[in-house]
Every structure is written in C-alpha cells, then in structure tokens.
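In what follows, chain A forms one complex with chain B and a second complex with chain C.
And then the complex of A and B:
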C-alpha cells in the first residue's frame, strides 16, 4: 500500500504542474487552450535537444524550454487570441483557434523532431528502496521540483504585483480594466506564463517518461480532466485535481487490475456523477 | 548596334533558352520510363506515427534508389516507382477513404494499413476495386479464404511468440510468465494468443489481465503489482516502440530481474535513449539489419534511408520487404501490373533471391499453415536481444 500511495503522490505532483498552466490561461482569458499538451511536448523536445543532444546542463535545458514556450505563448496571445477575442462575437472562435494551433504544433513537432520516442540520460541515478517503497531518485527529484514550482507559482500569484493584476483580471475583466489594469499586457503575460509552465513540465518529465510527437493530445485531455475535477480557472482546484487523479490512477491500477483496463472507465464514470452533483468542480469559481 | 543593354538582353535570352532546352531534355529523359504507382495507407501522425512512418520511408527510400538507378524493368517496359501515400491517422474510416483514393488513382498494390481495425475496414474496398494490400495486422480472417486480397507483411505474434517462449523455456529456464498489454485491439489480441501459446507450452501464466491506456506515460503503477508476482518472463504484448523503453525502465526500477520480451519490432536507438542499460537483454522480433545476417544491399538501404531522412528506424528491417515483393512479383509476371488475379496466381509459385540477407535466402509467399493459403510475405523471423545500443541475433526462425 505504501508503494501505491507513493506512486499516487508522485503522479499527482506531475499532473498538478501540467494542469496549472491550462487553468491559468482559462482563468485569465476564458480560453480552453487545446494546444497545452503540444506545448508540453515542445518543451520536452527542447530539453531533449539542449540536454540530451547538445550535452548542456539540465538546468540550461529547462530554462530554454521555459523561455522558448513563454515567447511562443506571448506571441500566440498577441497575434492570434487577442485578435480573435477582439473581433469575434462567439466564444467558440477561441476554441477553434486553440484546436487549430494544437494541430499546427502537432505537425510542426513531427516535422522537426520526427516520429520516434526520445529520452535523455537520467539526471540522478539510483533507486530508493526502504520502508516498503521503491522510488528512483530521479522521480523524487522531479516530484520535489514539481512541488517547488507549484509553491513558487502560487506565491507569485498571491504576492507579486503581476500576480495581483492577473487575479483581478480573472475575477472581473471589466472591473480590472476600470481600475487601471492593462488588460492586454497582463493577458499576454498570463498566456506566456501558462505556456512556460507547460514547457517546464515537459522539460522536467522528459527525464522520466521521454517524449514523442504524438502525446500532445492525450496530455491535453488529462489536463482538462484535472481542471474539471478541481474547477476550471482555479489554481487550487488544478492542484487538487492533479493529486486526486494521480491517486485514483495509482489505486485503481492496483485494486482493479484483475478486471482489465477499467481504471479509467471508473474514473470517467465517477467524474460524470461528480460533475452532475458539482458541475463547477471542487472549487467552482475563479480565484480571488 | 551592340550596347550594354542589348548584350545583357542577349545573355538573359541565351540563359533562358539553355534552361528551357535542358528542362525539355530532362523531362524527355524522365518520360522514357513509365510510372508505376504503389500506394501506402497507414498511420503517419499521432501517437502511433512511428509504425507507418517507418513503412512509408522504407518505400520511399527503396523507390528513390530504384529510380536513381534507371527504374525497374517489368516485361518490355521500364518503370519509375511513384509512392502514393495516405495518412489514415489510425482511424478505420480514414483508412477506407485512403483505399478509395488509391482506387481512384488506379493503384493496384497498397502497403498497409498498420493496425487490425484499419486492415479489416479496407477489405471490401480493396476487393471491389482489384487492390492487393499488405497489412501489418494479425487477424487470421484477413488472410484466410474467402478473403484473398490481403497479404500479411510481417511475422505474426502467434508465429513468433511460441518460438520465443519455447526458446526461453529451454535455454533460460523460464517457468512463470506474465503479460501486459495496451487496451487496444492489436495488443489485446496479441496478448490472448500469447497466453494461449504459453499455456500450450506448459508455462504458468501469473498475470494476463493487466492492461494500460496507450497514452500512459508513467508505467510504475501499472507494473507494481505484476513485478510483485515475480514472473521469469514479462511479455509486453504488441507494445508500441514509444512505450517499450518506458515499460522496461519502470519494471527494472521496481526491482524486476527476470526476462522481458515482445513480438513486435523495436528500434535500438529508442531503447537506448529511453531505458539505457535497463534495456540490455530485452528480446524482440526484428528483420534483416543485424551484422550477422545483413547483406551489402541491406547495408546500402540503411545508408540511403539515413541520408534521406536523417536517422534510420530499425522497424524498417522488416518493412523494407513489402515493396520489394511487389516489384519482384510483377517482374515475374508482368501481366499482373493491372490485374491482381495474375498477381495471386504468381504468388503460389513465386520465388526470387532475397537481396537483403547474406547467403542464398529467397523471397517467397508463405502462410499455408496459418491461413490455408499463401498470403504472407516470407520475411526472416529474427529474434533479437538488445545489448548496449544494438540488437544481436538470438536465433533466426521461419514461417511456412
């Protein structure tokens, strides 16, 4: 059982970090970023290239992933989403745009990095094996880093000037604008941060699970699942959703293994029942 | 009067004329050869892109090689090979659309699809439009009568699995075996036939219901209960090349010390990057590129593929064969170029030298034992063991 809990906590930490960027963008702009998984993949491939191929330190690779995705996110917001939000009277337009960017990224990543699964050398070797728990040290490091990033993000959003402005935007866009918050600027920063988080988690996890050009879509779906559990647009909800999903997966795969692949069937069924009771998820409303 | 302007004008006209004459010359030279269209319908995007991409790139590499060396002579005509491709995105509906496109383009020979449901879905279209197709899918119904247009492009797991388990039982003392498969039709059917084969050999099956979503990234929770059962052999049924290193790494990190095998083709570079030394000893089924058996032609194919696409894919060791079989069979019976009935007749007696293997190996159609008719390419059943970044041949088998 100790192993099952440890697996669940580790999965939860990485899932929570994946969901954070998605929920941030949704909170600020009401945009469901279908390309979130593809951004994760791109971050993974950048770390693969910088760390795995060029042999530069892992930290440099992680920075490269984060910065590149932040720039891409900022450009996407400025030239794509801002324009569509301004001109379109229908909310679906941003969803279509997000889906189109997801397909675009899929194709570009396949062209640039090929069809193969890629991996990098382990950042820490060895396996922890005590008190009934087996956990490779690199997972422990990545899990700890994920928790540090989550904590840093929450603190930044809570106490920094930029964070306050973005929270104001998430609460009430018009009121924030009337109070002097520069909506365009902070929307762009928020989108860039969301994309950067996707890039960083992609870079972190390439050391554990590798990366390939086809996993963007499934990653996005899992991230949506976590956001729905926690409540769309709520940072605490995304974190809770990540840990809940991680734990459900770990427990389900152990307890239900004799019945075949029913774990996700059970998770989806539970989610349907849960959403019918709490349609806004656990935390239910934009943060404030 | 000759001035600078008129000189420049004359030079420009001269250059254009020269280019035009050269272009006409080139197109005339190309026009000497007829065009033979060979189709590909398979998955080249999404999570399973590696399967189809290695297929289509093998075909494109071989076709470019043939075209560069003057084309292929079939009967009295010489043909350049034109590969017509369609990405079915692993969706049976799109596979049908792809096969219809091939029919519209007058293509009679198609490589693919890569998965069971796609291969089953295109059958009516292929049979109605006189198309022979070469799936990389294992359901026997595709190759048994009354079906007659599908030709299995590789060794099926129900052919290689028993051979591998028998070898490991006799040579490595395997007694307990566990299976894990993705929750998709191909891996599940491969798992079921693997379980059947293992039981027939008298092995104790300690796990056979464990499955995972194909998009799983972390396999530790999946493998934790299986490793606790301490099997001697862990079979990764129908595992995708992207998932194999992750499964191997997770199993080893959980302390699993037994053998790990699969019946699908894998890529050494992917294993090296994803699992490193944990992958040492991993057993899979390959084709013709291990140094012990690869001919000079195979080595040149690998070099050309690498030059064309930047990196070779070991899955192509098997996938190099389909186009070669099509061309060689057409050479044996030129009437088959537009008549698949002639092709089918030729399959029963066809034989030609295998250019990709050392020695006097032959290309021929097999499958009589498994399907009751010759509806399978005879490719070498090379069982490989991964060791430090490369595959080593464990043993070579064959199918009749």
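And then the complex of A and C:
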C-alpha cells in the first residue's frame, strides 16, 4: 500500500505540473490549448537532444526546454491566438486554431525527431528501498523537482507583480484593463509560462519514461481530465486534479489489475458521475 | 442567407443535379472510380458533422461525435452479424440507439458549458473506445470483420434497393446511398433551423438564463438537439461499418471527433451548410496533399492555421462579406 501511495504522489506531482500550464492558459485567455501535450513532447525532445545527444548537464537541458517552449508560447499568443480572438465572432473559434497548432506541432516533431521512442541516461543512479517502498532515486529527484516547480509557480502567482496582474486578468479582463493592467502583455507572458511548464515537465519526464512523437494527444487528454476534476482556470484545482488523477491511476492499476486494462474506463466513468453532481469541478467557478 | 425563393429552389435543383447526375457521369467518363469512395466518405462525415453543428447551434462544443459514430457502427454490425438483421433495419435502429444513449448521457452532461462540455465529450470518445475494447460483445481489439454487404430491401414484393452484393458497382450504390442520406439530413437540418425550435435553439446559444426566464424549456430543448445530433452520428457510423465491412475500437477515435468539430468550424458555425463544405474541403485537402508525402500533415495544419487567421468565421463567411460590399 505504501508503494501505491508513493507511486501516486510521484505521478501526481508530474500531472499537476502539466495541468497547471493548461489551466493558466485557460484562465487568462479562455483558450483550451489542444497543443499542450505536443508542447510537452517538444520539451522532452529538446532535453533529449541537449542532455542525451550533446551531453550537456541536465539543468542546461531543462532550461533549454523551458525557454524554447516559452518563446514558442509567446509567439503563438502574439501572432495566432490574439489575431483570431480579435477577428472571430465566436470565442470557440480558437479551438480550431488550437487543434491546428496541435497537428502542426505533431508534424514538426515527427519531421525533426522521427517516430522512435527516445530515452536519455539516468540522472541519478540507484534505487531507494526502505519502509516497504521501492523507488529509483531518479524518480524521487524528478518528483521532488516537480514539487519545487509547483511551489515556485504558486508563490510567483501569489506574490510577484506579474502574478498579481495575471490573477487580476483571470478574474475579470475588462476590470483589469481599466485598472491599467496591460492585458496584451500579460496574456502573452501567461501563455509563455503555460507553455514553459509543459516544456519543463517534458524535460523532467524524458529521463524516466522517455518520449516519442505519438504521446502528445493522450497527454493532452490526461491534462483535460485533471483540469476538469479540479475546475478549469483555478490554480489550486489543477494541483488537486493532478494529484487525484495520479493517485487514482496508481490505485486503479493495482486494484483493478485482474480485470484487465480497465483503469481508465473506471476513471472516466467516475468523472462523468462526478461532473454531473459538480459541473464545475472541485474548485471551478461557474462558466458560461 | 437571404436569397429569394426562386434562387433558392434553383440552387437546390442545381445541387441535386450535380451530386446525382454530374458527379457519377464525370466519374464514369474519367474512370476515376476511387473518387466514389472519397465522395462517399465526405457525404457520411458531413452527416456526422451536421450533428456536431447542431450542438454548436445550441452553444455547446461537441467533441464526442466519434463516440456515437462508433456506437452506431457497432450496433449495426452486431445486429447484422449476431442476430441476422437486415442492414436497412439496423440503420434507423443504430441511430435511435445512439439517440437514446445520448439522452441518458446528455441529461447530466448537458448541464455543463463551454470547455467543460467540450472536455467531457472528448473524454466520451475515449470511453467509447475503451468500452469497445473491454466489452465481450464487441470482440475487443480484433473488432467485427467480414460484415456482409447490405442486402435487398423490398416492400410488398417490390424491390426498392437491390442487394449490394449482386451489384457490379457497389461503390456507386454506396455513393448514391450516402449522398441521398446527406441530402435528407441537410434538408432536416435546414427545416429544423428555420423552424420555431431552431429559433429557440438560437436563443440558447445566446443566453440560456434569459431564454429560460422567458419560458423556454431549455433542459428539454438541449437534450432534443443533442439526441438529433447523436442520431446523425450513429447513422453515419453504421454506414461506415457497412462500407468497410468491418468495425474496430479504433474506427472512430479522438482524432475523428476533433475532425468533425473542425469541419464545422471551417465551413462556418453560422451556416447550416457549413459542415458539408467544411468536410469536403478538409477531406479533399488532406487527400490532395497525399503527394507531398512526409510533409502532408505539416502543410495541411499550416494551411489550416492560415485559413483560421484569414477567415476565422468559416469559409461561408466569405460569401457574406462580398455580398455586403456589393
């Protein structure tokens, strides 16, 4: 049982970090970023190239993943999403754009990195084996790093000037603008930060599970799940959703093992029931 | 689109002439019989997309049509294979089964809005795929294969539709079937949108609370719209299963659901015939780009992004603006 909980916590930390980026973009722009999983894959491949191929230190690779994705996110906001939001009659049109960018990233990743599964050397060797828990050290390091990033993100949103501006924007765009918040600028920063988080998780997880060009879509779906559980556009909700999904996956894989591959089916079904009781997730605001 | 009555009738007649006479004639003249399959797919996909469009019309983003298409395909396949039903009977049954399922699913989830509904329907597509993998009746990942072609349909001894297996050119038969259904489907859609219910649906799209306060039964209305939408999805899935004579859990996936949605966007959310045009352009665009090989997806998605930047309100909005200027 301790093992299951430890696995759940480790998974949850990763998932929460993915969901944070998605929910940040949603909160600021009302855009459901379909390309989030692809951004994650891209981050993974950048770390793979810098750390695995070029042999530079892991920290450099992680930074490279984060910064590249932040730049890509900023450019996407400035040249794609902002234009479409301005010109379109209906907000939902951004979804087509998001889906198209997801396809685009898929194509780019496939062309640049091929379809093979890629892994990198372990960052820390050895296995922790005590108090009934077996866990490789690199997983512990990655899990801890993820928690550090989550904490840093929350603190940044809470106490920095940029974070305050973004929270104001998420609460009420027009009011924030009237108070003198530069809406365009902070939307761009927010999108960049969301993309950066996706890139960083990609970089972290490539050391454990490796990466291949096909996992973008499934990762996006998982991120959507977490955001739904916690409530869209709420930082606390994304973190809660991430840990809940991680825990459910870990417990489900153990408990439902003898029934075959039904863990996700059960999770989906439970989510449907949950959402019919609480349509806005755990902490979400009513949306409409 | 405000055209006068005569122009509209002329346009409909011209459209029917093109799909039923010109296209088959052109194909048999050019010998490109593979185009039948492409056009059949376009017709069927546009039926499913029309359903998605209807849910857009009540202000919901539906990324779950793949689930109903899969469900319809399986219902039809299982009834034909295990119970020996005629395909023609399974077609409406598949649609009704999906509609009934969508009422059950829709009652709770239609309370959700915006991205919540979008995400939950996306998850629904995954649920359908996983269910198809897990249930014993669907035969798991192996799917149901070698489904017989649709048999003859006769009423009171008069053969209305001949047995597809005896036809020389079953592709033409499927084309005619798909196109007929498409025409019927869009006729229903057009009638629906321009009726009292259509106006009520539009009021839902704009403001549900306001509509409800005036006395519109919003819960009822959105379930009806969703059921009609799923009916279309089920029917198109059932015919797809019949054409390919097989159905697998991966026949309709999240990508298909997303594509149905994209078809609507591309055609234009404000236009009934948007999904038809969107499907045609997207499907043919993808096919034409096949020659570019590994760059196919890159060019396709790149073009989609550009199109979105230039025409964010859909292809049919082009007609609108030119008319306004002129």
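Note that in this section the second predicted complex is superposed on the first by the 285 of 288 C-alpha atoms of A that agree within 3 Å, B and C clash if a C-alpha of one lies under 4 Å from a C-alpha of the other, contacts with A are read in each partner's own complex, and residues count from 1 in each chain.
Just so it is clear, a residue touches a chain if its C-beta (ideal position, glycine included) is under 8 Å from a C-beta of that chain, and two chains touch if they have at least 3 such contacts.
Please read all numbers here as calculations on a predicted model, not as lab measurements.
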Under the stated touch criterion, which partner chain does A:271 make contact with: chain B (first), chain C (second), both, or neither?
second
Please indicate which partner A:250 is in contact with in the superposed arrangement: first for chain B, second for chain C, both, or neither.
first
Return first, second, both or neither, reflecting whether A:132 touches chain B, chain C, both chains, or no partner chain.
neither
Looking at A:217 after the superposition, I want to know if it touches chain B, chain C, both of them or none. Which is it: first, second, both, neither?
both
For A:57 in the superposed arrangement: first (chain B), second (chain C), both or neither?
neither
State whether A:26 touches chain B only (first), chain C only (second), both chains, or neither.
second
Could you look at A:227 and tell me whether it touches chain B, chain C, both or neither (first, second, both, neither)?
second
If we overlay the two complexes on their shared chain A, which of chain B and chain C does A:99 touch? Say first, second, both or neither.
second
Pick one for A:115: touches chain B only (first), chain C only (second), both, or neither.
first
By the touch definition above, which chain A residues appear in both interfaces, chain B in one complex and chain C in the other?
106-107, 110, 217, 260-261, 264
Chain B residues touching chain A - in the complex, by the definition given at the top
44-50, 53-54, 183, 209-213, 215, 217-218, 220-222, 224-225, 241-243, 245-246, 253-255, 267, 269-270, 273-276, 310-311, 313
Chain A contacts chain C in the complex at 26, 30, 32, 34, 80, 83-84, 87-90, 92-93, 95-97, 99-101, 103-104, 106-108, 110-111, 217, 221, 224-225, 227-228, 232, 260-262, 264-265, 268-269, 271-273, 275-276, 279-281, 284, 287-288
Per the touch rule, the chain C residues reaching chain A in their complex are 56, 61, 105, 108-109, 111-116, 118-120, 122-124, 126-127, 130-131, 133-134, 208, 254-255, 258, 261-262, 265-266, 269-270, 294-298, 300-302, 304-305, 308-309, 312-313
Under the definition above, what is the set of chain A residues touching chain B in their complex?
3-4, 7-8, 10-11, 14, 52, 106-107, 110, 114-122, 127, 129, 134, 136, 139, 205, 208-210, 212-215, 217-219, 249-250, 253-254, 257-261, 264
